[in-house]
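Next, two complexes with subunit A in common: one pairs it with subunit B, the other with subunit C.
For the complex of A and B:
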């Protein structure tokens, strides 16, 4: 049960990152290959808040969230996506790869290549559930991630702004004719992506430790999760993330630890061969 | 005419100055993991060497020549390390100091051997000294010496009947794991779980769950620093209750810093530890290191320090800068603290470059490693 829970907890964090891939795809028709670094960076904003400004953890987390929204949301859109997008999706993909390298190397330069400790939001404790001893941190991580996904889905489906964002994703030209402020909706999408990345960062870094290279694996797994689940559906990213998290843990615990890193890739190949649109994806249209 | 004369004079002066400088210094090539997964080990190794070089130069250098230390960052990549050892030798290095990661050392030590350049390494994989390379020398005991020192602890102190081993799947980890399993077999202790993990692995949930399910009396943890910290964090998260015992890295300052409270109670056998401040040389080194770098030294810092000082002592015993004579002298050599105080502990090297010296058992208590016992040289 603990293996399953740990898999779900890690998988839910993968899902948050994978949703970011989906959102950026919907908003800018591109794949953000710096998404892993978008998760790595907020933890260092928090560390800067604690060590340079002497802030308490809660204030540093708030600072990290705001800094992430500004740098990874607003500035990313204004300085990279907007100027490069007219030159084509491929150009933007390459630009995001370059951005990923820049973020990684900058953190390495500023904080050194060594890992840094990162305080956990939850005290280390365990809970007895049906005779199984479960980690409280895993339970809280899972609960926070799932709550955020549910709230995001409700926001997109039940609010006027959410529906405008969906209209913008499906057909920006028609949405504009219907009076939707397309530019603002796209900006909201980038801000949500940055906030999700920051949240994933705050949840996963206490376990992974803060390190410049954290985004490499996270970005790749979340990208695969998004494809496995269905790149054009938020619920697909959720399913993909949870599936990879659980399968990874079950494989490492009961099958082979040596080849666990290959599992997401095997899953990716199987999905591409059997259901190219992903488990929950649709082969037509785009929605957020 | 005047300009030409001035130019000739300047060139001649510069060449003379360059030649004089070359004669007054001896080059040491420090090749280490300054970035990548091995950075915690490599940076400590480097800083220990820096302190030694400063002290040696303050005492007049080696055979009246000041040390010129050049740093090379392997990025924890074995192939890069091989190229950098060659680069250091091409640059005139008399001795190579590094690398730490066994996977790198196994690749780059052939380069030093082919060039007859002595090499002090921080690596602990058993096979490093089993290759018949006469130019490689350890700065700490290999796993085949260090891990057996733990056997009495498992058998007599913990009274373990069944144990588990969690190890990192690289040259370092494989070496330690193999020796441990053999030792336990000889001691009549059953190994009921054998859990490998990958270098730079971040998620240890499945590994710890597997260990919990096996429920051994104790777990032997043999991983590099960051991996050890992540393992301890996950162990605490999942309330892994049995004693966690390691060799060297598990109780290092960097691991404790990263793991925080999760490191509490961890036990390890360490070849040398900065917390053994009762040993005068180690106490003085630790104090100087903390004053200089504003952090506590790890055993890698002491290994680098000892490597640099051994270079001086042995060169002066040989009486000249000759790599082959140096290596010959090293085999079967014992350096006593009474005569060579900066060696820190009485130390011997055998005919394969393996070293032996007294060692320590430590346990993390209140956020710091505390010496709980000593182990005689084996």
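For the complex of A and C:
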């Protein structure tokens, strides 16, 4: 029980990042390989708010969220995605790899390579749930992540803007002709992706500390989670994230901690061989 | 005569050295069903795309109800009351038939705030259901559009074009790939909609029989030029049209 819930807590944060992969894929038909760094950076925005501007934690978190939306959402779309996308998806993918390196090295330059402590809004405590001793941080992370996923799903399925975003993802040319402001819908997608990355950053950094290289592993695991769950489905990213989180913890607890890093890769290979569209994904055809 | 709902004035469009559309002009009156036909390569698709703003003509103007619309985006044309259907299937495959049709009307209703956070049906469920019934798709209301047959998707496409209450609808090869039974149903519904709402249709189509039985007036293009214009009966009897289709010397 303890291992399971702890795995779900970690997995739910992977899911937030993985959902970002699927959103960007749906909006721009590309993969953002800087996604891990998108989760690393907001924590440093918060640290800047606390250490340079002397803000209390809640205000620094708010600043971090707004800065993430502006830099990783709006500016990312305007300065990188929009100019490069017409040159092809592969070009954009390579550009996101370069962006990831730039963000990582910039943070290392400004904040040093040392891991920085990152305050949590949750007290360090443990609670007893059905006989299992769980960290309060894990429980809060699980609750917040799942709430965000539910709210996002409701927004996409139950609001007009959400439907327009789905229509834009499914057929942008037709959506435009039906009066949908496709450019705005794509911008909303990038803003949501940036906000999800920031929230994942705020939840996971108190556990791993703020370090320039945090995005490497997280980005890779979330990418695999999105593929395992189904790259074109938000619920797929959720399932993929939770699955990897739980399997990772189960492997560490009952098999060996040495090979836990290999587990997502094994899962990725198995899924690509047995069900390439992912657990929840659907096959996509494309005219070439 | 009343102001035409659509005026096409001296449109010219070339691709490299090929003049695809040459000085084409015509008016469409409210309530008309105009057919735009011609053999392959006659320029009708190019003209259609110039009217819809998807291609920029080198010369000429397009007016909708007296307003110049050249350079407007597709979404802006839609808000001016111009609907269209597509040659290729254009439904949203992962949404139900009902949701597809609601989506086609929702951007014409409500404030910015209600568009952002308002309920997804935008209060349009009843209107969408009326269209579903009109096209006799009631049994498919909640079916995912992507799982429908080609002909059924064409009907959904037509219903989507009508959802915003357009005064002018441009139908791009509505008969393409549709079986005869479904085609008869589609034609009958289009005629009924035109009679009921007075909506104007401009139809671009290869299927001569479909155009001749649906349209009240037909314009024939060949090599980018208008070579004939008249009622279906006049067009059938026009030797220029027969030559253009059979490749004989005029």
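Rule of thumb we're sticking to: the second predicted complex is superposed on the first by the 283 of 288 C-alpha atoms of A that agree within 3 Å, B and C clash if a C-alpha of one lies under 4 Å from a C-alpha of the other, contacts with A are read in each partner's own complex, and residues count from 1 in each chain.
Here is the rule we use: a contact is a pair of C-beta atoms (placed from the backbone, for glycine too) under 8 Å apart; a residue touches a chain by one contact, two chains touch by 3 or more.
Keep in mind the model is a prediction, meaning the values are calculated, not measured.
Visitor: Assess the superposed three-chain arrangement around subunit A: do subunit B and subunit C clash, or do they fit?
Guide: The answer is fit.
Visitor: Please work out whether A:214 is in contact with subunit B alone, subunit C alone, both, or neither, and reply first, second, both or neither.
Guide: In the superposition, A:214 touches subunit B alone.
Visitor: Which partner does A:113 contact after superposing on A: first (subunit B), second (subunit C), both, neither?
Guide: first
Visitor: Name the contact category of A:150: first (subunit B only), second (subunit C only), both, or neither.
Guide: In the superposed model, A:150 contacts neither subunit B nor subunit C.
Visitor: Could you say whether A:258 touches subunit B, subunit C, both of them, or neither, answering first, second, both or neither?
Guide: first
Visitor: For subunit A, which side has the bigger count of touched residues, subunit B or subunit C?
Guide: Of subunit B and subunit C, more residues of subunit A lie in contact with B.
Visitor: Using the superposition on chain A described above, determine whether A:161 touches subunit B (first), subunit C (second), both, or neither.
Guide: second
Visitor: State the minimum pairwise Cα distance, in Å, between subunit B and subunit C in the overlaid complexes.
Guide: Superposition on chain A places subunit B and subunit C at a least C-alpha distance of 38 Å.
Visitor: Based on the A-chain superposition described above, do subunit B and subunit C contact any of the same residues on subunit A, and if so which?
Guide: none
Visitor: Touching subunit B in the complex: which residues of subunit A?
Guide: 2-3, 6-7, 9-10, 108, 112-117, 124, 126, 133, 135, 137-138, 206-209, 211, 213-214, 217, 248-253, 257-258, 260-261
Visitor: Subunit C touches which residues of subunit A in the complex?
Guide: Checking each residue of subunit A against subunit C gives 157-164, 166-167, 170-171, 173-182, 282.
Visitor: Which positions of subunit C touch subunit A when the two form their complex?
Guide: These residues of subunit C touch subunit A: 73-75, 77-79, 84, 86, 90-95, 99, 102-104, 106-108, 110, 114-120, 122, 160, 164.
Visitor: Okay, in this complex, where on subunit B does subunit A touch?
Guide: Touch list, subunit B to subunit A: 34-36, 39-40, 43, 169, 195-198, 200, 202-203, 205-207, 209-210, 212-213, 226, 229-230, 233-234, 236-239, 254, 257-262.
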